[in-house]
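You will see subunit A twice below: alongside subunit B first, and alongside subunit C after that.
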Partner chain A sequence: MSRMQSIRQVSGLIISLLLLALPVQAQSPEQKGLEIAKERKARDRGWGDSRAEASMILRTASGQQIERKMRMLSLEMQDDGDKGLTIFDQPADVKGTAFLNYSHAIEPDDQWMYLPALKRVKRISSRNKSGPFMGSEFAFEDLSSFEVEKYRYKYLRDDKINSLNSFVVEQTPAYEHSGYTKMIVWIDKEHYRAHKIEYYDRKGSLLKTLTMHDFELYLDKYWRPMKLSMVNNQNRKSTDLITHELQFRTGLDENDFNQSTLRRVR
Partner chain B sequence: MKSMWLKSILQHPWLILLLGVLFIGASGYGAKNLYFRGDYKVYFQPDNPQMLDFEQMQDEFSKNENASIIVAPPEGEIFNPQTLKLIYELTEAAWQTPYSTRVDSLANFQHTRAQGDDLIVEDLILAPDSLSARNIARIESVALQEPNLVGKIIDSDGLASMINITVHMPEEDKTAVVKEVADHVRALTDQYKAEYPEHKFYHTGIVFMNEAFAVEAQKDVETLVPFMFLAIILVLWYLLRSFTGTLATLLVIVTTIVATMGLTGWSGIFLSTATVNAPTLIMTLAVADCVHVISSMLFALRQGKDKAQALQYAMDINLMPIFITSATTAIGFLTMNFSNVPILADLGNVSALGVMLAFVFSVTLLPALLMILPMRVARQQQAKGQGIEAFGEWVIRHHRRLLPVTFVIAILAVAASFNNSVNDIATEYFDQSTAFRQSTDFQEKHLSGMSTVDFAIDAGAPSALNDPQVLQAVEDFSQWLRQQSEVDHVSTISDTFKRLNKNMHGDNQSYYRLPDSQELAAQYLLLYEMSLPYGLDLNNQVNLDKSATRVMATMKNLGSKEFTAFEQRAIDWMAKRAPELSVTAASPSLMFAHIGELNMNSMLKGTVLALVLISGLLVFALRSWRMGLISLLPNLLPAGIGFGIWGLMSGNINLGLSVVLSMALGIIVDDTVHFLSKYRYARGQGESPEQGVRYAFSSVGRALWVTTLVLVIGFSVLSLSSFSLNADMGLLTGIIILMALAVDFLFLPAFLMVFDKQHTSKEGAEG
Partner chain C sequence: MKRTLVTLCLLASFTALADTQTYLKAAIEQRFYFQDALYPQQHNSDISVFVEPELYYSWNQGTGSINIKPFVRYDSRDSERTHWDLRELVWMQIGDEWEMRAGISKVFWGQTESQHLVDVINQTDFVEAIDGEDKLGQPMVQFSLIKDWGTLSAFALPYFRERTFAGADGRFRSPIAIDTDNPLYESDDEEKNLDWALRYFQYFGDVEIGLSYFDGTNREPDFIPQPGEDGMSLRPYYGQMQQTGLDMLAIAGGTLYKLEAIYRQTTDEDFYALTAGFEHTSVGVLNSPYDIGWLMEYQYDERGEQATSLGQNDVMLGSRIVFNDIDGTEVLIAYVQDLDETSSRSGFIEASSRISNNWKWRVDGWFFSSDTQDEPTYLLRRDDYIQFSLEYYF
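Let's turn to the complex of A and B:
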């Protein structure tokens, strides 16, 4: 009788010890995925604003290609998606056209466009986050800033990418009208940088693969890829987004990202 | 040599059978390599200029292959809550289609409008569960005024609407991919049919057209081949009244088909809508060989000879004629290699191989089988030949009247053959019993034809498309297209420019016109690109560097003549309106439109060659130049009459019919060879033409009648195909074979008796 009791006490102790150890030892894949995402965001916080000169190289399946040049201004926002201003420089007939985008995690973005030939700012109201950016293989949602609340996460496995140890995490978009059912992201363990993303379409087929190249370190803290390469796995078209020049903390503030400044940008 | 060969067969039938089984096993094993290709591209050579144009256009702009679902409410317009909800749900669900890249319908049509300085882009049907009468009225008024929708996505009377699924299918293993897509879409509609049982659903588009090719071919194999076997068994039983004879013939037919299809597999030729009917053709032709051998043998048996003697006799008198007729038939088939349609050339090669194998088997396996199998024959039926001999006497008696009568009929028929012209109506390849044809007929009645012609207009320099003058030319061309009676719908970038210009000016209708500067046009286009939804890009209409645009015309389902004429008219019009712009037209419809004419020209060459080769062979077989020359008449006349009858029945010569002439020629010379060789034999013995004709009738009359019966039945079976290229080919060939018999029995004897007279003494002296 007393022996039975002591066995019960011991096993009770073991069970409670196990229960205590569990959150540390056996974190669920969802929790681990979320933690990786939080760390990824944390490491990228505080860059403030940036100015970039960039080219987009669009290619058809048969290998024709064309380059479009633009400047991209970005402003980091706390508790919301970042603000972005894109000024088109080439081709010549769209020079000076400017596109202002307030990205939001789970609502449609706010978008305005200034057409110099019309001398008017037009607000575009649409649900086109999933639509292509300027005819490229990038969708708006691929280019907007990474926000933790945009997705639900699930850690899948460890892997190596570009000979770096990395996590492989599945992200499920929270935005109702996203073009994707899921994304698989490779994030290196050292700096928490995304190196490769696979996008899966509404029917669950692999749609596109994005790879990041030529990472450079800015302000001793922020890693940025100088080349983003998006390949459409279904129609074989591809787009490279190449950053030629990038500066941080250039003194931009919210006043540089509103409708009235749109028409003044050159 | 010949007797040694025969002796070894008769003495060692088991050995021959063993060798035969080994050969058939080895060749038949190649059937594992056979695979089926159902896509429409099998009709075109890899260097077909229209296909290259089309592929280049698809490279420059995006590929647009589609599977479409048409929905029609039980009565009245689609503008009711239930039908709109169905369209909405079906649109959402269709995104799950394998290989789909985009779904377009009334529900997710990107309606743009202005509100102050806001450009609002939204789906036309937003909340399908709470559609108010006002919402529905708004949807109706937008839909019925939208040039992008009316006549393509929605019936102008609002009675039906289409959900269009754009698919990007890999080129490898296309037949399986097509089936996967089609099966998925059908399962999807079945699901909604259960939920909306009173609505009607139809499937069209390139995917379903490709699938129909495959399905019809499969149906031909599943229904025509067994039907053919049944017909052959009945005919054999009727003609031979011998179980053994029927069984032996069936065995030879089966082995011929197994060996032919096996060797086809080894050679790497794939199966297609055309080649699946090779077995039916080969069966027909193989039966004729066997019937000749067996009926001769039965004749000898009845006369009291023993089996070996009877076989010896049958081989002796049949070997040469069977060889000659097989060779001429094979030559006819081989000249189908002149065809510009690869699968018709394949059909010719496979059939030629089959015909020659049938010959080999009917002089080796067949006698060996007949030697082994028990055979009983009643000694009677001497009266058999009487019918045909009596008919011969009737012809001889009336030859003076028959000649002018048949001559006049022939002239009239040949004159009627000028009613024919090359015309392929690709959508009518499938007869009205097929689901695909019912769908395209419904589509044509309510929305548009399923044919398209795409025009690429190239301005030559990057961004040049935005030039107002170029845009104006594109706009004028699009408007001109809309005025053409052949055109149901035009999709053009100039509409987008006009709509955006209006939206940018507060939806003021007076701005529904082209932008007046290059910069403005370019910036509109950029704005438009930035507002496009998932799966859509400008590339469908504008190329990468904006130097060219594609204007897509949806056409009525026309014949090839009308398509090529329309193409030429459009290009001429544009050359006059804007000579600085280069215009090319391309589409699957144009590919089919051109292939008919291209193929007819090359098949005419092939037919002339077939005629020369076959006539040469006849000169050799009949050992007389004069007889060879005379043979031209009964060889060509049946085709002339057959095409005359066709001219009165239809007049449209499609791809399938272009090869009929050379194919039929190879078959009908058989009759001539048999008839003329017997006639010549009698004349050589010093008989008069009248006696010669009499001898020909009595010796081969019945055999000709019998083989014609077999052939006509065989080709009639082919004419039951619901795929008109095969059905028409079978029907017309059947008609020509029947006419050949008529010519050989009515016209040729009369002709010989009237015109061969003066040469009697000379020939007799020579012989």
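Let's turn to the complex of A and C:
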């Protein structure tokens, strides 16, 4: 009897030990990738709203270079993707054209373009996520806000990027109509900032490489790269997205992100 | 002293929050007509220039603003096409959930591409282009409430603008001259009839719905033949109308479904008309950076051949090709077929691309064909043209 009891006790002990050990053993690369993504998002919560002045420098393979200027208003949403309003200032023929975006995690984004000459707001089919933004090497989906649910994750390895210890995570789009089969993202371990993203096309070959530069700290908490550099590895074109000025908590709210404001924004 | 300081601070903050923006669009356009003109006064080519500056001034962080946008065109052939207009001269005040405009302005309603049935606030500046997309400035007072349940706008339109028509030297005209100097009105107040309109618009994710009601002077004239010293002329007759409009857009996959339907009541007749169709866009066609959009729209008008609009039982097929290049090159090709009269059809091509930051080229071409005399297209059967434009933006 006592022997039976001791066996039970021992087996109970083994089971509890096993249970204790399980979480460590069972943190699969997928789980670790997801944890990193959650931490990345958590560290970026609470910025509220922002206004930015930015330029896109578009370069062709032959070195032809052209500048686009724009202003971007952004609003952080708690249970949904962020809202964004972009006003184009250059080239002159699109001056006054504005773009409104409600990003969502899994559902396609809601997007509208305002054409000032016609005073017309046109809905855009955002299934065209993989389409280029303003003729640049950035696709619409590259500029949409980062939401945890957007991807499936897989932690690959540790690496160093810009001499910082970092995680390398594979992200597979969980939403439909992406132009990518996967992305490889380098995230530094200290601040969970993405430093480099490789985009792989539908055939699985490297399509584009995005690198982030000149990080600055806002509100003592939020890191923002002042320069995003996207290089197309297949056609050798590139686009730099440069932020000249960035302000947070400027008092924007949802009333600043609707079709009426899109129509009158300057 | 203290007061001056406060005033200075206020002034400083006021000017800091004020903003002035200027825009300019100008172009030189050369048209060539493919066939010899129908009437002896007409020409086979035409050169024309226009300038459209715009000044925007806002204060108090943009809650108040004024926009001024005059337009002037000179046409080498048609004195009626040489004209100017105040496209905008409007004061706007905005609050958190409302906006108010007073002055001369432009409003667009609707969703479809091939014609704009619902869009009745502004008069068409018909001498500008045959597609009717150019509009004259409309005097108005507008008040809109922007709420969670939708946007509700009310318009009071105190002054009517007459449609512009080509003169004897111009193309796109009827054999009998239109006497634009002597219009007729149903309303005793003539052009000073107070028109009014209401519009409700709401967005439900993948569906957008607009409902509108207009009561006032019909923007589309009828024509009354009248004998005169120089022979017959047509006097435009602007009746009264009440129009209820519905416009809808729905997104399913990569396709936009569009609908516009109207019910118009005039003294002589009541009728329905609609435009319905879709636009489907494919991105990165054949592994290229090009986007190709396919458009198809059906146009119906209950009045049949008596319709004043071109589309009474017609189908428009179109394709929009966006090159996604640095120069923003785009091509739009469309073809409209009358389903009752197989000989009646028209088509157009629009292509444009940037030359530099400030310059752009554009090519527009139209062709018209009809063997049937009572078709509106028949009047244009010899007016096929191609136009080259050099545009300047600042």
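To be clear about the criterion, the second predicted complex is superposed on the first by the 245 of 266 C-alpha atoms of A that agree within 3 Å, B and C clash if a C-alpha of one lies under 4 Å from a C-alpha of the other, contacts with A are read in each partner's own complex, and residues count from 1 in each chain.
By definition in this document, a contact is a pair of C-beta atoms (placed from the backbone, for glycine too) under 8 Å apart; a residue touches a chain by one contact, two chains touch by 3 or more.
Everything quoted here is computed from the prediction, not taken from an experiment.
Visitor: Given the superposition on subunit A, are subunit B and subunit C in a clash or a fit?
Guide: Clash: subunit B and subunit C overlap once superposed on subunit A.
Visitor: Going by the contact rule set out at the top, does A:88 touch subunit B (first), subunit C (second), both, or neither?
Guide: It touches subunit B, and subunit C stays clear.
Visitor: Determine, under the contact definition given at the top, whether A:99 touches first (subunit B), second (subunit C), both, or neither.
Guide: First partner only.
Visitor: Give one of first, second, both or neither to describe whether A:179 is in contact with subunit B, with subunit C, with both, or with none.
Guide: Both partners, subunit B and subunit C.
Visitor: Just checking: does A:131 make contact with subunit B only, subunit C only, both, or neither of them? Give me first, second, both or neither.
Guide: After superposing on A, A:131 lies in contact with both subunit B and subunit C.
Visitor: Just subunit B (first), just subunit C (second), both, or neither: which does A:163 touch?
Guide: A:163: touches no partner chain.
Visitor: Mind working out whether A:119 is in touch with subunit B, subunit C, both or neither, as first, second, both or neither?
Guide: Second partner only.
Visitor: For A:66, decide between first (touching subunit B), second (touching subunit C), both and neither.
Guide: both
Visitor: In the superposed arrangement, does A:255 touch subunit B (first), subunit C (second), both or neither?
Guide: second
Visitor: Could you point to the stretch of subunit C, among 2-10, 74-82, 110-118 or 200-208, that collides with subunit B in the superposition?
Guide: Only one listed stretch clashes with subunit B, namely 110-118.
Visitor: Where on subunit A do subunit B and subunit C both make contact?
Guide: The answer is residues 58, 60, 64, 66, 91-94, 117-118, 120-121, 123, 125, 127-128, 130-132, 135, 179 of subunit A.
Visitor: Show which residues of subunit A lie in contact with subunit B when the two form their complex.
Guide: Interface residues on the subunit A side: 58, 60-62, 64-66, 88, 91-94, 97, 99, 111, 113, 115-118, 120-128, 130-135, 139, 179, 202-203, 205, 234-235.
Visitor: Per the contact definition, I'd like the list of subunit A residues that touch subunit C in the complex.
Guide: Interface residues on subunit A, with respect to subunit C: 58, 60, 64, 66, 90-96, 108, 110, 117-121, 123, 125, 127-128, 130-132, 135, 177, 179, 255, 258-260, 264, 266.
Visitor: Once bound in the complex, which stretches of subunit B touch subunit A?
Guide: Going through subunit B, the ones touching subunit A are 59-60, 62-63, 95-101, 117-122, 168, 462-463, 466, 504, 515, 517-524, 526-527, 529-539, 543-546.
Visitor: In their shared complex, at which residues does subunit C touch subunit A?
Guide: Result: residues 19, 21, 23, 25, 56, 58, 62, 65, 92, 94, 96-97, 99, 106-108, 111, 133, 144, 146, 151, 201, 203, 205, 208, 249, 251, 253-256, 279, 281, 283-284, 289, 291, 324-328, 354, 357-358, 360, 391, 393-394 of subunit C touch subunit A.
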